[in-house]
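Here the chain labels run A, B, C, D, E and F in written order, and each chain numbers its own residues starting at 1.
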């Protein structure tokens, strides 16, 4: 059976949507580098690198656009 | 009880929307590097780095697209 | 006969859409550097480079916007 | 009284919209680094750095998307 | 007579749309650096640079958003 | 009298739209660095730098999204 890691883009609140966007940013890295061990090692480095933190924040921002649109900006 | 840090994308004015976009850009960094201490240390460095300031401005720009759309560009 | 590698943007679920976005990010690299051999060599390097992994994640994020819109955010 | 620096996204012409986008790009930097003195010092450097000028142009481009949409592309 | 190199954004399939997006990414480089000779020389270098290949893939991704929207995501 | 350098986003064809996007990318640089002399000097350098050419192509791509949307993708 295939694992389900992204069942829906719907979230109850903008905050949950932002957390989903953060998850999607990490999934993009994981699909490119599937090794948990290598990702952990890399994370220890980039967590202390402001340029890479800003870049991560940018990927979250792009995904948040998608999630926000999918939820009609939680206007309803 | 879970802390609420993003209750809504609605703001009264474009200016408040821009401030919200700035907050979202910081939240993206915070969710990736939760340590206040490390972020403070990094901030002291990148605040003086024009390339990283421009990159931060870009993340704000992406979030401002989202916030502006959520508010129907404050046209109403 | 021309090979078909992108018949549709429709997917059954957000998860399949995310996988398609990942495929599109790789296709963009492949169309720019068609040599399998060179790409394999480069991959061995960038798989261990957090900056490039984040950049890859960003390309996936951009394609996921397209795929999500094409699927009307799997709302139907 | 709070200063108003972004009362509206409406502009009379595309050109004024482009100027507003430029202003927004600078505001993003200013909200991240509020010191006029430090920003002036940094500007003297990045004004001569083509990579950072292109990056600045990109932030303007992203904001121009927002301003153009807010003005319905000045079609009316 | 002026040469026509972009008559339409319409394509029959997503795949042709992706190829058009790749062409547009190259056109952007060509309009900035019109010399075929210099571009050929540069290409020999960046074809072997994973960071630049990912950046190229990102430009394709942005153009693919445009082409996909122009074709109504090939839904019709 | 103020000079008019962006009277409209409407163009007759996608190709003219792409040329307008290229112009907008340059305008973004010009508004940030107004000195013709410095820009000419920088251009001599970045014209030979593939990374910066790709970055320029990306700014064009973002503006082309805006111009294409303004022209309803030249569908009419």
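Note that contacts are C-beta pairs under 8 Å (C-beta built on N, C-alpha and C of every residue); 3 or more make two chains touch, one makes a residue touch a chain.
Just so you know, these numbers come straight off a predicted model, no measurement behind them.
Under the document's definition of touching, what chains do chain E and chain F have as common neighbours?
Touching chain E and chain F alike: no chains returned.
Starting at chain A, how many touch steps does it take at minimum to reach chain F?
Step count on the best path from chain A to chain F: 3.
Where the centre means the average of the CA atoms, what chain is farthest from chain D?
C
Averaged over CA atoms, how far is the centre of chain D from the centre of chain F? Could you give it in whole Å?
Between these chains, centre-to-centre, one finds 16 Å.
Please report how many Å separate the Cα centroid of chain A from that of chain E, as a whole number.
Computed from C-alpha means, the inter-chain centre distance equals 27 Å.
Calculate how many whole Å lie between the centre of chain B and the centre of chain E, each centre taken as the average of the chain's C-alpha atoms.
Here the centre of chain E sits 31 Å away from the centre of chain B.
For chain E, give me the residues that contact two or more of the other chains.
49, 51, 55-56, 58, 62, 65, 69
Please classify the inter-chain touch graph. Allowed labels: line, ring, star, complete, other.
Graph shape here is a ring: one loop, exactly two partners per chain.
So that chain E leads and chain F is second, what is the order of every chain round the ring?
Beginning with chain E, then chain F, the ring reads E, F, D, B, A, C.
Can you list the residues on chain F that touch chain E in the complex?
The contact residues of chain F facing chain E are 13-15, 18-19, 22, 47-51, 53-58, 60-62, 64-65, 68-69, 73-75.
Can you list the residues on chain A that touch chain C in the complex?
4-9, 24-29, 31-33, 38, 42-43, 45-46, 49, 51-52, 55-56, 58-59, 62-63, 65-66, 69-70
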